[in-house]
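Across the two complexes that follow, chain A remains constant while its partner is chain B and subsequently chain C.
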Partner chain A sequence: MKTELNYQSYKKPVIDTPPATPEAKPTPKITIDGVVIPFQAGDTIMQAAERANAAAEIPRFCYHPGLPIAGTCRMCTVEVEKMPKLMTSCSTPAADGMIVHTQSPKVRKSRTGVMEFLLANHPLDCPVCDKAGECELQDYNFEYGPSTSRFVEEKRVWDDATTKKLSDKVTLNMNRCVHCERCVRFTDEVTKTNDLVMKNRGYKKELSATDEERGLWNDYQGCLTDFCPVGALTFNDFRFHKRVWFLDKKKSICDQCSKGCNIEVHSDQNVVERLMPVFNESVNGHWMCDEGRVSYHTAMNPLRIVSPLLKSKGASKDAALVSTTWEFLFQQLNVVIKSSKKILFIIGTDASCEEAEQVKNWSSKLAGSSVVYFNGVNGVQTSKDDGKLDHLLRMKDKTSNTRGVEALGIQPINPNQVSDADLVIYLRAGRAQLPIEFSSSAPWLLWGVWNLEEVKSVQQKLNVVGLIPGLMTMEKDGSYVNESQLKQTVTTTIQTTGHCLTVNKVIEGLWIK
Partner chain B sequence: MGKINTVNVSKKYTFKESLYLVAIIQGMMITLKRFFEGFVLHKKFTIMYPEERRDYSQRFRGEHFISIDNNKTENCTACFLCETVCPAECIHIVADEREDDQNLYGVKKEKKPLSFDIDALRCCFCGMCEEACPKDAIKLSRNYEMSVLKRDDAIYDLDHLKREVKGLKGRG
Partner chain C sequence: MSAINFPNENRIITKHLEKPDTHLIGHYESVDGYVAAKRVLNEMSGDGVVDEVKKSNLRGRGGAGFPTGMKWSFMPKDPKDAKGNPKPKYLVCNADEGEPGTFKDSLIMNRFPHMLIEGMIIAGHAIGSEVGYIYVRGEYVKEIISVEKAIDEARAKGYLGKDIFGIKGKNFDIFLYRGAGAYICGEETALLNSLEGKRGEPRLKPPFPAQVGAFGMPSCVNNVETFASVPFIIREGAAKFAAMGTEKAGGTRLFCVSGHVERPGVYELPINVNLLDLIEHCGGVRGGRALKAVIPGGASAPMLTASECNVAMDFDSLAKAGTMAGSGGVIVMDETVCIVEAASILLKFYEHESCGQCSQCREGSHWLARMFHRIENGGGTSADLDFISEICGNMAGQTICAFADAVTGPALSSIKKFRHEFEEHIRLGRCPHKHVLVAQQVEA
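Then we have the complex of A and B:
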């Protein structure tokens, strides 16, 4: 049985090339379960197996491709010919000519033994546990574990760490921990914040925040809950919301900063339940930040406006917008657009390349109109203001496509243009800054993803005449250019609720009328 | 459209049948026979429901309930297994954290159902939920009197499900 792991291993296969010179050594090779695999000097047996995509056959708790090797759990033992004992495949360096068996009876017996020890104190919590369904302990027990327990003694219970909030994002249930220390190594080596430690030793070894009062404080806490092989660490935002087997998983990218981390959108019946990072060596590695992880709330916001809004004719500046139909909206907008001489299109830098291009083309057909882009989040105006916020992923530019919009030759906004225009149309996907820093008496049309509160605060400064509901990144196809000029294309992962339309449909609708 | 050929498949009545009288007398004889059986011989085929009730099997699957402990806390931990297994998709659970004061006896239960709805109009009374439940929480009682005045009343909420069910092995 191949266990599906909730993280992806990588390692490109090594091509077995004949030595260039007679003195050079040939590519080293290892035999794993009868398959000869060329590997790179320095690989461990596990990594060599990963190159041949055979690593899923080797169960592991402490090994994670994104973390330093620890070799503490002994679950990954394999039989190596001519070695007297079983070896841990995650920490044993592969050697040329090694013959490895990952499924021999001796190996399986050892894994059963490891499982029995782990389960001795493990609670029978699967029905309550959020990890159930994607739990490595569960999967491995199904494959290797003893089906009965010989443990008659009282189980170890941490009374005060059964449901302990390590921070407002993560909850610890120490009873379920298998002491793999992936989490501790993550805070040591990846975030370098050292905010998790194991205190005490042996039977009493307990995970705890380094500073109990402060709790966890790194910006990547969600990752802890992804790779914790059991349900010891759970993410509060997802905790108890859904059982994982109900989730549809589709790949997308995160639109919360210019990094563009690769993610998987987990949804059920078009309701997004959580986002998880997907391995991409050239973008985010294995991780994503917490801000991005909870960003699906923008799309799922109950206050999000999902039907066209229009202000009745002659109403005062801060009169309420009322819900209308697309037909009526198109009709009214046509009148407004036709009667305007200087239309200014503002494209939020969270719009996709395609959308920006469509708006640009549309503008070129309207005499006197111009297109600019606007970012504004964190004080970022153009991609030159962008920079890293930490050594890992987080970027200063909190929109996903500044570089893509720039590449289309669109210029950044100039406040004078705003005051000049007699109609301003602002398209954004829920992330670019609200246009409250501008002053203008012209009518404004808001377009894209807005929620009620945002519209209200914009209305206090500007004369908003209508709202055209649009789509979030995960609700449409599109391309985004990330911080290192890498263009990533995503497809629709969830269907939008409500009456939101794509940019293309809106332009077509206005054009035809 | 051309003419459609039809065939008459009804059979021709014989002379005896075409009189009808014979059939009427036969029918009246049956009525008369039942009249004697009921009124004179007191032979009954119906029961005087609701004063009288039929005795159904102990394994009869009727209206659902959720078992409770001595503190009237539901045994359900909102594991969603019943929702997963239900073929009629009529169980809808919203889970939440169980607060400490609901953990009497010092047994830490992390999770509780915030709401637990069963749409009895969709339920096919298969008993799969009962089968799947790891906590023996959801059960089907022997109550078959489930008529309601409004459709809404047929959606059982947690309060209704937690009602006390008396009788053999808690099966009412």
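Then we have the complex of A and C:
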């Protein structure tokens, strides 16, 4: 299932081309390094090469498939037969029968020239740069660059912009900038916030927030640091936390709203270091929002409860929950569940489809019990309340699976059900909010991802009798249905710490006892 | 006396330069002003005007020397947007005279603003445009006042605005836009960006301005002097204009002679005047000194040595001589000039004025300026000269606009033609000319 692109795709060079004639024409073809590649009308050489996955050999700084074409870095030049000059492959429209050489001596010489110019004023201190290891300048220099610098003049240095905070999320080191202006075009054309500009001109050209006091204000600042080809823009949440070559990269989806952006979880030794977006044309394009980008902190929270908790029998309402073993928890819970006549299962809509189904099946085996779902973030009750927060990705519904839970036939919560129940079991994966506005004197069982502070605040209102630690989205297999009814399945990307168990195992444990 | 036999009455633009009130509409109309515009609007079709200008061999006076009639004929006839609605077309006058050594447009705007306005009315009719913009360099305060006053006068007379010259349904108005002082905004696409309120950075071509220009609409950009030549072509006939020049370039040209001549200034002369005659016409080299070098077409044009100066100043002859006619800014340097210092100053200008988009131009102009500065101050090494040529080779022809080529013009030509001076600087570890000057002063 395909949805409409909700980000502005690359701008094609605007040329008044005659409208396509209705009769089918043979597909135009372009020859790149001897390989014949069909392309679509309007493609540039770079886009044609990318479509055929032949573009790995065309280096680029200013070109980014999700951004308008600038054609300024001059790194992607290629030799086109019958054209006198080298052409920039990112901006030259492909033509039928064009023969392109991406690795001819002339091309390589030009790229070496560009590399020498870019490195002339660039600090040569890769070992202390946070981008080292995933730096395009570094990679291309291995391939094309001169091995030594002939630049003997004084280097251009921005003293005041060596580590300049553009916002609380992004830090700028202007000395490393290669002026590709991907970031400026991103804020101009993708977020449309225009919160980054280039000041001055020529060799003094300097990146700056449009309003220096306010800094950046768009909600996608992490993307700036993703596509910055050098270490000029770095994400404060990640910078100098980990050398990138240690990172283990696994694909997943973001569970922070109903968009379900495709992401890559970068972890080292089971510790998530950062999340990065992965291109998916029908979901998130190339981008993800900052809220989602830092969401791994929920899983990595040191206050997260990772062992079963139980309140001792007959303790008062305010008594503390104490850590226990799974065996003892299952034993105690079985007693409680069997003695309860009306059990209400509340499923937070950040649980996966599989989890919701397992809970539903379990509930059907318990007489008198019922299953409802609750979302409760941003005032969203059902998927009908969902909507876009901006023109890009962010959604009102801050949970990942409202539509998946609805598809199972589970109904939204009704306040009367809560007051009627004599046991409430609430399952969530760390994002859905507890329905604490409902008054309830029944004992509550919390299930899923919780941290200590949350539990403490819940305890002030409700009679929490126990806590069953569960798993985050990235710690388990599962499917999630996003806002455009697209079902996405993810696999485990990191192993959970502590004693957390999957929903299935908990149900099995309780059922067997 | 001058070797040039070109009577003042034959001048096209500056014919009445000696009169004091040439900037007023009263004077301009008394010397057949707005006659051509009236005739064009009443009698001629747009295509007719374009044909007439083509016949006149008028070539753009901004620097590139592109045939003006051909440029106008590139404008689409009935441009439509995606929904089929007609698109407006814009006429833009490039008055961002930034090329060092050029000051002819200033003269036209100060003294003959109505000639510019009339030329724009005719051009607007030729390409079917109803709006013209004059993009004036920000430093030209006097010129801006003069042109604005002239626009007001023309509006008051009904020559600009709605139903101009009393012709129903014929609209044309001119708006003046003040630039912010960037050399690169003389490049036509950078000018269009600046006119739209964006950063003055050249655009990728294609699309050319004739397809996507100002505000995304088809636009035609011409130089001030080009527009000012148009009324004469219509009034006196294309043949007369063409006869004044060479086969491929008609008319006269405003030469801005500066530097070491006795009488620097703007001179209107036939386009194919000999450079030595031109210098003679300006009173010869200052103080009877020997000629050393000439930059014939604004700072971007490669230098000519004294022995190369026996050359006609039209576009093709100068191109054959390895330089360019450019904007008509002739910078004369006598024997006291240190070429290394002159080149160093020029490169410092380019370092400052590169827009900074393309890698080669941004970093290369900076690099070259630093190297020339170092050599001038005695820090050069023998390897530097070949290295400079290599840097220039990596810059030229590889960028979006011609700025990088303009940087390499003075850099390469100065080294090629005056290599011994550079070697002298490197050998001595200082600038020999400065020493001589100080010695002369001491003797005096």
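Heads up, the rule we're going with is that the second predicted complex is superposed on the first by the 488 of 513 C-alpha atoms of A that agree within 3 Å, B and C clash if a C-alpha of one lies under 4 Å from a C-alpha of the other, contacts with A are read in each partner's own complex, and residues count from 1 in each chain.
In this text, a residue touches a chain if its C-beta (ideal position, glycine included) is under 8 Å from a C-beta of that chain, and two chains touch if they have at least 3 such contacts.
Source: prediction; values computed, not measured.
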| item | value |
| --- | --- |
| Superposition on chain A - do chain B and chain C clash or fit | fit |
| Spatial angle chain C-chain A-chain B, Cα centroids [nearest 10 degrees] | 100 |
| Which of chain B and chain C A:Asn173 touches, first, second, both or neither | first |
| Touching partner for A:His241 - first (chain B), second (chain C), both, neither | first |
| First, second, both or neither for A:Glu116, with chain B first and chain C second | second |
| Partner, of chain C and chain B, that touches more residues belonging to chain A | C |
| Which of chain B and chain C A:Ile468 touches, first, second, both or neither | neither |
| First (chain B), second (chain C), both or neither touched by A:Ala429 | neither |
| Three-chain overlay, closest Cα atoms of chain B and chain C, distance in Å | 23 |
| Chain B and chain C contact sites that coincide on chain A, given as residue numbers | none |
| List of chain B residues in touch with chain A within their complex | 77-81, 84, 95-97, 108-111, 134-135 |
| In the complex, chain C residues that touch chain A | 76, 79, 182, 184, 199, 204, 206-207, 211-212, 216, 351-360, 362-367, 370-371, 374, 387, 393-395, 397-400 |
| Residues on chain A engaged by chain B in the complex (per definition of touch) | 125, 127-128, 157, 159, 162-163, 173, 239-241, 243, 245-246 |
| Residues of chain A touching chain C in the complex | 13-16, 61, 69-75, 77, 85-86, 91, 110, 113-114, 116-118, 120-121, 150-151, 153-154, 156, 178-179, 181, 198, 200-205 |
